[in-house]
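For clarity, chains are labelled A, B and C in written order, and residue numbers in each chain start from 1.
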Amino acid sequence: MTTLLSVENLSKRFGGLQAVNNVSFSVTVGSIKALIGPNGAGKTTLFNLISGVIAPDSGVINFCGDQVQGLRPHQVASRGMARTFQHIRLFPKMSVLENIMIGRHIHSRAGFVAGMLNIPYTWSEEKRIREKAHEILSFLELESLADIEATSLSYGQQRNVELGRALACEPKLLLLDEPAAGLNMSETAELGSLISRIRDTGITVLIVEHDMTLVMEISDEILVLSYGKKIADDKPLAVQSNSEVINVYLGEDDA
Amino acid sequence: MSAKLIQILGFAVAIVAIQIFTQLTDNSFHLTQLTMTAYYSLLVVGLCMLIGYAGQISLGHAGFFAIGGYISAFLTTHDLTAMKGKPFVALLSKLGFLVVRKDTYGAELLTFHPWPACILSVCTVLIVAYVIGGPVLKLKGHYLAMATLGFGIIIYRIVLGTSSLGAADGISGVPGFTIIPGVMIGGSGSGKILNYYVAWGILIVGMTFLLNLISSRVGRALSAIHGAEDAAEAMGIPTANYKLKVFVLSAGFAAVAGVLLTHYNGSIGPSEASVMKSVRYVAIVAIGGMTSLWGAISMSLILNYFSLRGSFGTYDDAVFGVILILIMLFAPDGLIRKQVLGDLKYFFKRITSKEVAS
Amino acid sequence: MELFLQYIVAGVTYGTIYAIVAIGFNIIYNTTGIINFAQGEFVMLGGMTAFTLKEYLPLPVAIISAVIITMIIGALIEIVFIRWLHKPSVLRMIIITIGLSILIRETALHVWGEGVTALPYFTGTSVTSVNLGGVFISPQVFWAVGISSIMVILLGIFFNFTLLGKQMRACSANREAARLCGISTQNMVTFSFMLSAAIGALGGCIVSPITYVQYDSGSQLAIKGFTVAILGGLGNSTAAVAAAMILGILESFSIWALPAAYKDVVSIAIMLIILFVKPSGLFGNAAAARLKEY
C-alpha cells in the first residue's frame, strides 16, 4: 500500500479562528477517502490548503513524494491533482466540450507563439485534446450535450461536466468538494457508483461530503474533523461507532 | 477550408473592394484615413485580446502606442552628426544601424535607419509592458483600471513635458519607413494605394495570428481565466503568467501600430498618448462586443474613419462618450455578437438549403 | 525656513481639494462598491456653475445654488444611468462612469468653452495675504481649509448620529441585511451620489479662486483624489484627509527636485507604488482590505 498524499501537522489560522489545527493524515493509492465533519469544521479550508489555494501557516503536504505546500494551485494541479468546487465553477460562454478540453491543459504544450503561428504540432495536439475530451464525455454519458453552453445545463448535469473537466486532467488524486450537494436520492446513488467507477480506473479520490449514506457506501476510510481538529481517521464502520464522532454529530449534553 | 480562412479571405476581399470603390468614385483621398484606421485597428485587436478574451482592462494602451511611436520618431530624426567621433556612434554606424539622409530643407542628417529604430521601439515597449505588467495584473477591477490609467497619464505627462521629445508640438519630420526595397510606409513620394495595402496587409497578418491564438489551447485558457479565474488555476493554467503574456502581446501590437503610424504620418504628438485615446480604444473594443475580433475591427473601421474624417466635428469625444454609455447600458455584450453572426449563418444556411432542394 | 513653510501651505491647499475628491469617492464606494470615475467632474461642475451664477447672484447664494444644482445632477446621473442596472459587472460600471465623465466634460466644453475661470476671493483679493511669522498666506487658504474641516466634521456627525447617515452606513456594511431591515438601499445609493456631488461641487467653489477651474480639470482631480483614497485605504475618509495632506505637500516639494511639468508624474507614481506594495493603503490593515474585496 503506497501513500499518494500525506499531510503532516497542518495548521491554518484566520485571524482569531484556528480553521485547521495540527491535522495529519494520509491517502493510499487507489482508495476513496472521505472527509466529514459538521459545518465550520475546516473541511473546505483543508481542501484549499491541499490544492494550493491558500498557504498553510505550518505543516507539510507530501504529494507523490514532493512537498507541495505553498505552491500555486496551477503548480499543484500540474503535479496530478484535480478538484471540483463546492459551488460549481464552470467556464461560462464555453461549450461542454470546451470546458472539458480545458482539463487537458496540463497534458498539452502549445504556447503563445505556437498558437499564433498555428504550426502543424498545434493542430495535431488540438486533435488529441478533442479526442480525449470526447472519450471523457462518453465515459460520463454526456456526448449528446457536447456543443451546448455548459452553464445553461441543469444543476446535476453541470456537476457531471465539472467532474468530467477534472477527469480530463487524468489526475492521480481527485478532490471532490460536496459533489452530492443539491442532488436527489437517485442522482446521489448514481454519483456513488460513478465515483466507484472512477476509482476503479486507478484514480485516488478524496471527497468532502455531508451525505452519510454516500460516504458510508463508497469510502475506504473516513477522516472526521471538528473545529479544525482531527477526531477520527478510520474505516467507515469503526468511525460509525466512534463515541467522539457520535458526540460531535449528535451534540454533547454539557451545554 | 476552415471558417477562419473564409473569414480572413472575406476580409481581404472587402479591403480590395473598398479600394476599388474609392478609385471608381474618384474618392481615393479617403485612402489616407483608411490607412491610418488600419494602424489604429492593429492596436484595437490587440487590446481586444486583453479585455475581451483575458478579461483584463487597460486604460493605458495609448501609452504603449506613444512609447513605440516616440522612440522610433526620436531615433530616426535625432541628428548624430555631431557625435560621429564617439565610439558608440561609430559602432552603431559600423553595424549598419545608421543612415545619412537629407531633411526637408536639404541639410544632411545622420540618424537611425527606421528598421533598427522600429525594432528597438517595439522591444522597449515589450520590456516596459513586461516590467509593469507583473505588479499591475495582480490588481483587479477598479484598482487595475486606475493603475493602467495612471501609467497612461505618466507617459502622457512625460512626452508633454520633455523638450527633446518636442513637448506640446511632438516630433515631426519623421522619414518614411522602407520595409522592403520599393515599399515605403509614409514618406513624400510614396503611393497612397501601396500604403493602403501595406497597412491593411499588416493588419491581416496580425489578425491571422490572433485568430489562430484564440482557437488554440492558449485562447481557450484565456477564456477560462476570464470566466472563472480560480477554476482555471485549479485546472493547471498558470493564470498570472498567461495574463502577463497577453498583456505584453497586446502592448506589442500597440507598439507596432504606434511605430508604423508615426512613420506614415511623418510625425507624432502628445495627443496620441492622451487618456482620451486610451478610452477610445476601450470604447471600440466594448462596442465591438468585447470577445469579437471582427466586431472590434468593424467598429474600429467605422468609428476611427469617421473620427479621422472629422465627421463628428467638435463633438468627437462626446460621440465616443455617448456611444460608450449607450452600449454599456443597453448592450453590454456589444453590437456585434456571436448570436447575431449565428443568426446570419442560420439564415444563409436556410437559403442555400432551399436552393439545393429546388 | 519661510520658503519651506510656504511650500507646506501650498501643499495643504492642494491637499484640501484632493481630500474633498477622495471623500466623494469614498461615499459612493461605501454604499455601492463603485468607483465613480466622474467624481472629478462634480468638482468642475460646481466651480463652473458658481462662476456663471455669480453674474446674477451674490457670491454665497451663487455657491449654494451651484452646490444644489450639482447635487441634482448627481441624483439624475444615479437615477438615469445606474439605478436600474441589475448587478452590473465592475468592468461595466468602470466604462459607464468613464463615459459619464467624458459626457459631462464635453458638455462643459460646449457650455463654457475652453477658458479658465475663477471665482473671486471670498475675502480680499488675490494679493491680500496674512503674514504668519514670515509666511504669507492668502485668506482663501483659510477659507478652503476651514470650510473643508467643517465639512469633514459635519459628515462625521451625519454618518454617526443621524438616521439617514446610519442607514447609509448599514447599506455599506451589508446591503442585503439593510434591505431586510426596511432600508431602501436604492434610495441610499441615490443619496450617496447626491452627497458626493454636493461635496465635490462645494470643493470646486472654495478652491476655484486659487487653482482655477476649467472644463477638463475634472479628470486630473479624479486621479489625484483616487490616489489619496487609495493611500488612505479605500472607504476610509479620515485617513484620506491625512493622505491628501501628505500628497499635497509631497507634490509641492517635488517642484524643488523636478520640473513642474512632472508634478503629476510624482503623485501618480506614488499611487502605483501604493497599489503594488500595499493596496490596503498606508493606514489600512490588509485583512480589512481583503474582507472588502470579497
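By our rule, a residue touches a chain if its C-beta (ideal position, glycine included) is under 8 Å from a C-beta of that chain, and two chains touch if they have at least 3 such contacts.
Since we're looking at a predicted model, the values are computed, not measured.
Ranked by how close its C-alpha mean sits to the mean of all protein C-alpha atoms, the top chain is B.
Among the other chains, A has the CA centre that is most remote from the centre of chain C. In whole angstrom, the spacing between the mean C-alpha positions of chain A and chain B is 43. With centres defined as mean CA coordinates, chain C is found 48 Å away from chain A.
Averaging Cα coordinates per chain places chain B and chain C 35 Å apart. On the chain A side of its complex with chain B, the touching residues are 51, 53, 72-75, 77-78, 82-83, 85, 89-94, 98, 101-106, 108, 110-112, 114-118, 122, 125-126, 129, 165, 169.
Across the interface of their complex, chain A is touched by residues 209-210, 212-213, 216-221, 223-224, 227-228, 230-240, 245-246, 249, 291 of chain B. Against chain B, the residues of chain C that register as touching in their complex are 35, 37, 81, 85, 88-92, 94-96, 98-103, 105-107, 109-110, 219, 223, 226-227, 230, 259, 261-262, 264-265, 268-269, 271-272, 275-276, 279, 293.
The part of chain B that touches chain C in the complex is made up of residues 51, 55, 57, 59, 135-136, 138-143, 145-147, 149-151, 153-154, 157-158, 160-162, 275-276, 279, 282-283, 286, 314-315, 317-318, 320-322, 324-325, 328-329, 332.
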